[in-house]
Amino acid sequence: MTQSWTLSPDRGFGPDPARLTIARRLYATVANLPIISPHGHVPPALLADPSAGFGSPADLFIIPDHYVTRMLYSQGLPLEGLGVPTRDGTPIETDHRAIWQRFADHFHLFRGTPTGLWLADELINVFGVTEKLTSASSQRIYDHLAERLAQPEYTPRALFERFNIAVLCTTDAATDPLAHHQALREQGWGDRIRPTFRPDAVVNLHAAGWSEQIARLSDMSGVEIINFTSYIRALEDRRAFFKRMGATATDHATLMPYTARLEPHECGTIFARALHGTATNDDAARFMGHMLLEMARMSAEDGLVMQLHVGSLRNHHDALFERFGPDIGADIPIQTEWTRNLRPLLNSFGHDPRFRLLLFTLDESGYGRELAPLAGHYPALLLGPPWWFFDSVNGMRRYLDRVIETAGLANTAGFNDDTRAFASIPTRHDIWRRVSCDWLAGMAVEGLIDEDDASAMALDCATRLAQRAYKL
Amino acid sequence: MTQSWTLSPDRGFGPDPARLTIARRLYATVANLPIISPHGHVPPALLADPSAGFGSPADLFIIPDHYVTRMLYSQGLPLEGLGVPTRDGTPIETDHRAIWQRFADHFHLFRGTPTGLWLADELINVFGVTEKLTSASSQRIYDHLAERLAQPEYTPRALFERFNIAVLCTTDAATDPLAHHQALREQGWGDRIRPTFRPDAVVNLHAAGWSEQIARLSDMSGVEIINFTSYIRALEDRRAFFKRMGATATDHATLMPYTARLEPHECGTIFARALHGTATNDDAARFMGHMLLEMARMSAEDGLVMQLHVGSLRNHHDALFERFGPDIGADIPIQTEWTRNLRPLLNSFGHDPRFRLLLFTLDESGYGRELAPLAGHYPALLLGPPWWFFDSVNGMRRYLDRVIETAGLANTAGFNDDTRAFASIPTRHDIWRRVSCDWLAGMAVEGLIDEDDASAMALDCATRLAQRAYKL
Amino acid sequence: MTQSWTLSPDRGFGPDPARLTIARRLYATVANLPIISPHGHVPPALLADPSAGFGSPADLFIIPDHYVTRMLYSQGLPLEGLGVPTRDGTPIETDHRAIWQRFADHFHLFRGTPTGLWLADELINVFGVTEKLTSASSQRIYDHLAERLAQPEYTPRALFERFNIAVLCTTDAATDPLAHHQALREQGWGDRIRPTFRPDAVVNLHAAGWSEQIARLSDMSGVEIINFTSYIRALEDRRAFFKRMGATATDHATLMPYTARLEPHECGTIFARALHGTATNDDAARFMGHMLLEMARMSAEDGLVMQLHVGSLRNHHDALFERFGPDIGADIPIQTEWTRNLRPLLNSFGHDPRFRLLLFTLDESGYGRELAPLAGHYPALLLGPPWWFFDSVNGMRRYLDRVIETAGLANTAGFNDDTRAFASIPTRHDIWRRVSCDWLAGMAVEGLIDEDDASAMALDCATRLAQRAYKL
């Protein structure tokens, strides 16, 4: 290894010396704080078994990461050649060194992207890689990584400690028995790794396998679901179970944040049609609109924080969905209207002191126009951090520039990494801490806030807002 | 008072030394120019009586300012506890020291917001406060402010002079007798404080109390309104009266900028339905679309500049509206479409040399996409400054960045403060002058304009564009 | 000429010294590269005849340039007085010195606009003007320009060489005989000046003169168009002809990117209605949606790169269209929805390795929300550069900030100037090269990319991406 690969200690900071001085000072106070990871998709199995490992470098960095595979696919590399599992029996590459080589040959595609920055930080600072990933260095780096991954210091559990993660929340189906979380609780890890209740598969009447999911919901809850009333009871039962298992939040995904109350008899008839497999698209949309109100009602009653992720049109590419299933990089955002859609829910629960709702968007045009004004009014409402494609240096800056002036920092929910890529958690939080400190330094150097305020806001951004928002 | 509270003399300026040098030089030429305030909501009563005062510090800074109360409400403080008057008889806090203490206890919520910056500037530079507002300093500062507010140097009239306001336009209902403006004219203040004709309450068929407003319009105009023709005549009469009283502009608010001409018989039948209380929502929308064309026609004829404020969904929170009425911080923007909606109006009057239309938006995504291209074509059209939530340092920068490149500075209307908070007028204009000078300095230091151009543009931004746009 | 008019050698670069050093270094590597101009509207007649000239200074800089005339018109100057030809016989100014004077008298309107920057660069650096254009200097500068325009060094052909243009693609109607391109090929210029196939006038059933265009398409193709089948055959014939004449791309403009496949019998019946002059608006929209799929199919088969320009509502101002025709500055953008509209086309051809689709938008809100995620997934899809109103310093920065993080640079198509103003080609490319180098310098100085990456990306931006995207 002859070339040296490093990252600037000032990465993410603007270059002006006056601003840089403040940014460094602020960052020094938050850089090493424990990580609060209140929302993400790390598989709990990875952490429940103390001896679980990450597999090969390709298993860790490429195959399950749709940020990586979508970019390679967009430039003509078939997903089969990257080892992405198929569900139609199409054969895939099984040589992980070959997968790694393809990735390295195209690593330049990630220039200027957050994925590129995360990967560099992980390779350099988590795994000690010292030469830049290129076609030429690829196999040497593979050897290096494989060697590290075989060491006990590089198990998920060991990295969890090294990453200084105070708490990590997973996202779990409403019907999940939470066996891994049960194991974690028995090992004394229940306060550090918590489940989140995600009922989409039983709330979206047109979700794949809805009927089977309802049957499973009956089984798991012990409530025989024969109508809307028993369905609600089963959901309430599962929420209580999740809460007993350490959950502090729920999570919901919809294409649009439509909310509207149905008449009681409509709930019954739509649900009956769904059980008979005859629910229409309109039924599904109206049912979802009503269920968001029901979920808000339950949150007000049981205190679980409600998260709402809106605006991703899933599985845009039919042929790829047929072959590979969901979550392979073909989910595309659409425009989102919040002001009218959320009004029924906010009028019912927006001022309820027991209720808390966190919103996440893929349509940045709503930041200043709708979301910040709503969060700057309704007590129950907080804005989640920049999500998905916007979890980038520029995306964070746009968010801070547009949201804080209107909503105020206190009406936001701090940061969450929302990742299934466990090894990327520290770098994602680190970038947020850097960008927020740099942004605050910019405000301070322009005389818009004083440095005392900047210091307090840096701590808020790093951990306090997330802890408060998620009741952690 | 032991701690010192100050604002940077360079606030709002970027830190780069080369840019800063130019920004300071430009700002020095405009900082002390008289204030042109062509649109706002200061109650004329405050200025018509030379002995009128502001009341307590809570009366001045908190109770009537929905920028302040919404933020406190959003973090769980009931509006009742802030002294906001109720219309349903719910008791409210009457101890203004207690209200002030609650405000001070939560002053950190305004960190990084324009409200926070305005408040700091007012307290420090208008009222001479020298220690930062905190829970601990709260009552000392209250004493200080109360003492100042009792002095003759701190009446609205005295501050009007001190603020160096050349002209201030209020916003007044079409049915307003303009008694305060009459008094001001008699005192020789008619050129400095002018009314603006705002007919929304008689043009929006579904405005609260529309029938009573029409009756009042009959009374005030002396035209018995029995049909659409007499209604139009009454409006024309009131416009002529406002013009005689010094008005140079009208103001109109709509949810959408829909314009379309009705057939004459439709005007009559819809107006008849409205008089009988049977107008539908569709009637109201189509009537508004036609009336905007009528108002443009009248503006072309009488020369009053037409202002159009679009996109605020008023009174989003039903329960709060029931208790407190309008204007308590629950007005939320929606998306706005300009290109197709305004086309009928612009095709009729957009090239009329007698007509001038100023547009204001709450949907920044339209700045570069629709508004700047429209203003860069139609001679009658100018873009108003960043409005409401966007009257912030960042909001101004986004506006300048997106509008000027396409519309050109000459197709904008300078700045207006649009505030009912009289004491905040100088700081709002000051921030605009700072941000525009800093923005021009950025253009100059990057070689995109020369310094002669920057100097001329700084003067345009500070006063000349507003004077020209409003014929002041 | 006493005053000196110059442009900063660092124009377009941010002022921070560390960033500036990198920006200069990157720019030095690309500043003098040949120009790749893969999409634009230069009339081929200008280049086909070696002795063709530009006419007067007003002919070159004012009369045909709707960027210039729209801004003057927006401030009250009639187009007639600027010499813009009328089609209704209204007399126009014929004294080009008077036109030039009007332009000079209002040159301040272009302060801070890209047009202002282009004009300054052209006057100073192409034509050697040394005093600033003002009312006073106007006629001296006219003399200077007229003198230069009479010299052989200032013919289009001579400037083509001086501008170091490697290749320039024109945009040509599907029915164009390409006589000028034939002449160019015979002169050995066929590789440097290429046509582009633009079939809008025969694909949009409601385009002015559609029937005549179809008759012309029959003539030019030799295929008698009697039904949809022969219509498709005629189009395929013309594409083959354009390809033989050097074309590598097609170009399509639509108001919305709606795509959906019609049943074969629907194609026939709608086309028959169109031939009989009875096609409805719905027919036209559905036909366009189908034809975009047909054009994609043809592109996959013949390899011509497909360009799609979306979102301009043409001829917004009826009275001006009546008098002056199209392209006089009254085309106004509308919101654009890509995710759902393009889904049928992308599902059919988005993964076809023979197909390439370039998208251009006038709705920047779609950059990060829809376009970058789509381009970051579908292999056939690339994003075109900032278009029309956004071909500005700020527009380029917004594009780079929002697109690259999600799409990756490799999923973009470099720069194109899209201009009919031949003399502005070098300055437009120069600004893009400056802004992209400055943007990369910003990324490098913040430690987000290293300088090796920045260097490679600067070359990509300057020429390589465009060459690859357009197969040049």
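Some observations on this one:
First chain written, first letter: the chains are A, B and C, and each begins at residue 1.
The rule we apply is simple: a contact is a pair of C-beta atoms (placed from the backbone, for glycine too) under 8 Å apart; a residue touches a chain by one contact, two chains touch by 3 or more.
This is a predicted model, so every value here is computed, not measured.
Annotation: the chain A:chain B pair of sequence copies touches via predominantly different residues, less than half of the used numbers being shared. In this entry, chain A maps onto chain C through a rotation of 120 degrees when their C-alpha atoms are superposed, rounded to the nearest 5.
Centre-to-centre, using mean CA coordinates, chain A is 40 Å away from chain B.
Multi-chain contact residues of chain A (touching two or more other chains) are listed as 16, 365.
For chain C in complex with chain A, the residues that touch the partner chain are 16, 18-19, 337, 339-340, 343, 346-347, 350-351, 353, 365, 368-370, 372-379, 381, 401-402, 404-411, 443, 445-449, 453, 456-457. Residue ranges on chain B touching chain A, taken from their complex, read 7-8, 10-16, 70-71, 73-76, 108-114, 116-117, 132, 313, 316-320, 329-335, 362-365, 389-390, 392-395, 398.
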